[in-house]
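A quick write-up on the structure given underneath.
Naming follows writing order (A, B and C), and every chain is counted from residue 1.
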Amino acid sequence: MVLGELKKIRDSKRVTSKIITLLTDFGYRDAFVGTMKGIILRINPWATIVDISHGIDPGDIQAASFVLAQSFSFYPSGTVHVIVVDPGVGTARKAIAVKTEKALFIAPDNGVLGRLYAAQEKCVVREITDSNLFVHPVSRTFHGRDIFAPVAAHLSVGVPFASLGPEIHDYNRGSSKLPRKKAGTIIGEIIYIDRFGNLISNISQADFSGKEIRSIQIKDIHLDHLSDSYGEKNVGEALAIIGSHGFLEIAVREGNAGVKYGIEIGCEIRVFICR
Amino acid sequence: MVLGELKKIRDSKRVTSKIITLLTDFGYRDAFVGTMKGIILRINPWATIVDISHGIDPGDIQAASFVLAQSFSFYPSGTVHVIVVDPGVGTARKAIAVKTEKALFIAPDNGVLGRLYAAQEKCVVREITDSNLFVHPVSRTFHGRDIFAPVAAHLSVGVPFASLGPEIHDYNRGSSKLPRKKAGTIIGEIIYIDRFGNLISNISQADFSGKEIRSIQIKDIHLDHLSDSYGEKNVGEALAIIGSHGFLEIAVREGNAGVKYGIEIGCEIRVFICR
Amino acid sequence: MVLGELKKIRDSKRVTSKIITLLTDFGYRDAFVGTMKGIILRINPWATIVDISHGIDPGDIQAASFVLAQSFSFYPSGTVHVIVVDPGVGTARKAIAVKTEKALFIAPDNGVLGRLYAAQEKCVVREITDSNLFVHPVSRTFHGRDIFAPVAAHLSVGVPFASLGPEIHDYNRGSSKLPRKKAGTIIGEIIYIDRFGNLISNISQADFSGKEIRSIQIKDIHLDHLSDSYGEKNVGEALAIIGSHGFLEIAVREGNAGVKYGIEIGCEIRVFICR
């Protein structure tokens, strides 16, 4: 890449974005991610490529949706987010692009953007059909390389969102469960467990705002109040806290709650509130 | 780094490249990779450093060669690729630089570039001997830091390839096995297993181009045709497909073929073709 | 990010640095790291963010201190290093910023900078108290996002170090053990084991400089000299060597010494020297 060419690209009016994030289940050993980055840099050598995560478990759409929801809002306006957790690659599932007020998202239409749709007031969703933007020949097994990466890179150099393909309304809104409420009880479940073994539920602070908590119960753990910080308990003790993600979380101070209590995704959690 | 200095470097005619990729077996915990990046940025603060992978199994030259072959051709012209999978560090093995029509490669001369040599019409190979380009004192255990990273960075700021050291012809061409063909049968083997458990063989589409496939057999799995996509089978079923890498691959739809069938690297695979 | 804005930021006199490194125990699956990068890029879209490592074991302050010590000195002047291994998040432990002659460091005051203090002649340490630099509301569980990342980004765009908060002198100097010496013996211990199973001790070359080594003993392994390179032994044989980090290391050529000999962090190692 000769500097003069870089300069020309940079100075072009078509350059309107530079940050492209990647969130995949491609892991950290194979060539998948490195290949996508090459494609992006060939189209936009000026791009700042940021890895959100490539450690999503293979095909774990729910985890990817959660990780995206935790991170995207902290990025500058105009960021292009690419999400490739795509167990249905090669089937009839669509490739889509989504525009919100601040950002663009490129992903398979399999529900991985479910938490994005839930969080944003306005999402315009388009099916990606303009094959001029693809890498050819398009494989049937690696659309991260052949469709998602090049489309994101083209958007980042000014290709208009509206040109990608037709707007659609029957997109996959995902299947994230909301907690149920009945007579003094909020019944939720564990939806994500992080590296530290913290058990993150689908119960948000808003679900019991203004109400006094009587107790919190998960499996045979009973906690009588929400803690303000991990440090409030002794090392090794369990606590309930509203985590940095805004959801009710069960943690063990300087320990791993998931391992200690043998709790997995889907485990029920109950919050008893005063009426 | 004061911006004025950056600007001077950027505007200098010596800056002719900016992308440097890293492919190593250094993993994601130790200081190895972070140290190499520091060296590169000290020499070329304008570099765009891209991680291809650091998750190659320790010393797995074959895997690194395969991952490189999958990714390098997607990078812009002028990219400098650094490959450090170097079980022989501190022995007499040479450090080499390779120039192809489009890119530069820095690596130990241990066969890790074998698939590159096989894929490129013209490779000029030089032994790296100009110790002015090294970080001193040069250790006997970490040439990624002391030789490979600084040489790559110097190339990226315009040090001429020809100045690195003498051209050599007796470089290590690697030992990747080609499939054998006999009377209606192509006999290959599994050369790489990816994160999804897909079993990638050394049989390429060209090996049976124009021929009709009668069946494909690996261990006690028999498949009667090549599938066009994972979606063609039911979830959990095995299939044979030409993967995005161009090789015959055995996969399980939304499953892990390697784990399901207990198949490892080196396992024989046979394709029976109509004569 | 419109290019004109980028240009303005770049040309501003306030931009004095561009490299920000990250060293955490956040792993490679969750949203923690991606979130920190978003925060940084929102404040300084011109930043070059470099991952040192996110694979530190949860809460392993000693390992993080070692990895930092191996890598920071190779970075350009003005680099801002962010270290978030923070088991005490939400307790009274301080957030600190440290200035050395060449670089800036942002971390919790829990000893993770112990090896930095030991290596640098002059460190100015400030408690970070200027909450104008934080992301609000500040959570009690994720100061990487709310304090450490934004403070680092603000430093990189020219916020003066002195404005972060008051200088302190009672900071946590860490607890890295030095080897003991008695009558012809240096008694150290294993302080880090790398991906390759190399056993790194706290005995540095300086500890026996000028002295002839009679033998080296760890567990039931006895070695009669320091090797110059891994290649000096046969594949699978143990050796002692001064590693690229400057410490005495026990390795197995093309093998894993930690696994082969069942040796863990804290294991005693003795060097017998001629008096």
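Simple rule for what comes next: a contact is a pair of C-beta atoms (placed from the backbone, for glycine too) under 8 Å apart; a residue touches a chain by one contact, two chains touch by 3 or more.
All values derive from a computational prediction rather than experimental measurement.
Of all residue numbers seen at the subunit A-subunit C contact, under half occur in both copies; the interface is built from largely non-matching residues.
Rounded to a multiple of 5, the C-alpha superposition of subunit A onto subunit B involves a rotation of 120 degrees.
Note: centroid distance subunit A to subunit C, computed from Cα atoms, is 30 Å. Across the assembly, subunit C contributes 28, 51 as residues in contact with two or more other chains.
If you check the complex, the residues on subunit B that touch subunit C are 1-3, 6, 25-35, 37-39, 41-42, 45, 49, 51, 58-59, 87-92, 135, 139-142, 145-146. Looking at the complex, you find that subunit C touches subunit B at residues 10-11, 15-19, 21, 23, 28, 48, 50-57, 63, 66-68, 70-79, 194-196, 228-232, 241, 243-245, 249, 251, 254, 256.
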